[in-house]
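The structure appears below as structure tokens.
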Amino acid sequence: MSSYIVGVIGGGEDVLQENYELAYRLGGLIAKEGWVLLNGGRPAGIMESSARGAKESGGLTVGVLPGRSSSEASAYIDIAIITGMGSARNNINVLSSDVIIALPGKAGTISEIALALKNGKKVLLLNFDPGSIFAEYRDTGLLQSAGSPEEAISIIKAGMGSCD
Amino acid sequence: MSSYIVGVIGGGEDVLQENYELAYRLGGLIAKEGWVLLNGGRPAGIMESSARGAKESGGLTVGVLPGRSSSEASAYIDIAIITGMGSARNNINVLSSDVIIALPGKAGTISEIALALKNGKKVLLLNFDPGSIFAEYRDTGLLQSAGSPEEAISIIKAGMGSCD
Amino acid sequence: MSSYIVGVIGGGEDVLQENYELAYRLGGLIAKEGWVLLNGGRPAGIMESSARGAKESGGLTVGVLPGRSSSEASAYIDIAIITGMGSARNNINVLSSDVIIALPGKAGTISEIALALKNGKKVLLLNFDPGSIFAEYRDTGLLQSAGSPEEAISIIKAGMGSCD
Amino acid sequence: MSSYIVGVIGGGEDVLQENYELAYRLGGLIAKEGWVLLNGGRPAGIMESSARGAKESGGLTVGVLPGRSSSEASAYIDIAIITGMGSARNNINVLSSDVIIALPGKAGTISEIALALKNGKKVLLLNFDPGSIFAEYRDTGLLQSAGSPEEAISIIKAGMGSCD
């Protein structure tokens, strides 16, 4: 059976220091659970920081890249999937993840949250308030907020015992 | 030179009557300008209504479909582009449009607004308030609101004379 | 109902004069039938020549482009579909075409023939002998050769009356 | 730095016993080199057999799936990349592989060989003769034949020392 994959999304640029740190800590926790971390693969922002956190805790990292060359991958990516599809690869990120954790980001991150919800994937927001726009997905429980990386992991583990 | 293409996006399901009517009127206005209307192509919601408006005013309509068969296209679509890519086709919709007009919708529509902004495409909101999430794109003018279909057309025509 | 679309594929570079001429003539014949011509959209080779033939006979042309900008489209393309997906767009070309006509080309063209056959689309070869590789698809009739553009049109028209 | 990835392609159906065995042996050899094996991920044909060979020699396997669910993956796939893109995912397979080894297959396999060559990726044919169609790529050395799985591995290792 294939590995359990946690997608971590968030900004590539203009990332606050506290979010780098949350992403790093989150990556480490994912690795310690034995889960695979998947992200957008570039050497920037939440992608790089979460991958580094996972690698430094002995985890396995997958980067799904928008460009055409594996040379664009972060040094903390083990498996570089080269799509050559630009932002259309965002849909692959969410389909390939069993669950998504979203840190703050701009339009790229928001597109991934939206594509995840559209495809029925659970999204956990970490230190990120997108306002009212996804309210109906909060009502159904598909979208939730986690107060910390540790709580995000707990929510995922609680959900793995259930049927959804 | 290829035709000027206006992408019209919005919900496929649970669409208010007033938004059907706005989409229909908008489709007609796009056709009267001699522009091509592009949408997601399915026989539902804002897609169907905007395409019908364009066709009944003599316009040309392009539908970029998520599935694998042209039989999934609305009867008001002239050119069915069959992607077989699911929601990854949303990125093609925005890249192929010179400008996007967004009526209310859920996660699919929001993903297209986000992908458009990510790709630097201008988005005009029509009767749709996504809250604060895209605030920074309002500041740069990439995201604007139009008070009516007529105003959306005026904004587009004003922009065509400029350099951006 | 959406338009009948004929995909024309073939080399972008190193194209023999006789194949430019066949592509031009073929484009004109497709236009005269009232069919839409679809190709890869670039200003080169069989793409440009077939689109020019269609336009100069009053037809409608669709180009499905690999890059991210409509400025990459041939001047003879009416509707530029911008995929930003590189060669992955070849699958969209074949899915969107009701039938494919293939002139000589290299790996890109061969990939489109193969993707068409994989997806169960009929392919007519025009002045192109790919050797034995697709023999089994000849046996089932999915792959055929046409002796001229006129014969290709006749084969398509004969097939439209049948049930397959 | 991300792992070295060898793509193994070949038929999903109607596969001869000798090719199952070659694929299994090849998968094992790839694993023993410490390389990652990437394929189309489905539980069938060359895909399943090569992945099983790699897993039973302690390797890591990546499957890039055409459908929308990880439940479609072979039991021998560690990392399931879910594209939801059908055969358009074939381009991702070749872009993500540092080198491709092709066993016999039909149109799907041929499309991947063609896409690989189009993208400038080296392809090694194993027990597979596609006829004359790719002759020019043989002349440049981009396409080669290997007489056995062992020889395929040797060719790859020889190439890793060079600059191309």
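Couple of notes before you dig in:
Per-chain numbering from 1; labels A, B, C and D assigned in written order.
As a convention for this text, a residue touches a chain if its C-beta (ideal position, glycine included) is under 8 Å from a C-beta of that chain, and two chains touch if they have at least 3 such contacts.
Since the structure is predicted, the reported quantities are computational estimates derived from the model, not experimental observations.
Equivalent interface to C-D within the set A-B, B-D or B-C: A-B (over half of contact pairs identical by residue number). By number of C-beta pairs in contact, A-D leads over the other of A-D and A-C.
Here the spacing of chain A and chain D, counted between their Cα centres, is 28 Å. Taking the mean of the C-alpha atoms as each chain's centre, chain A and chain C sit 40 Å apart. Chain D has residues 68, 83-88, 91-92, 95, 119 in contact with two or more other chains. Interface of chain A with chain B (complex): residues 85-92, 95, 106-108, 110-111, 114-115, 117-119, 130-134, 136-137.
Across the complex, chain A is touched by residues 1-3, 5, 36, 60, 62-64, 68, 70, 73, 75, 77-85, 91-92, 95-96, 98, 119 of chain D.
Partner chain C is touched in their complex by these residues of chain A: 68, 83-88.
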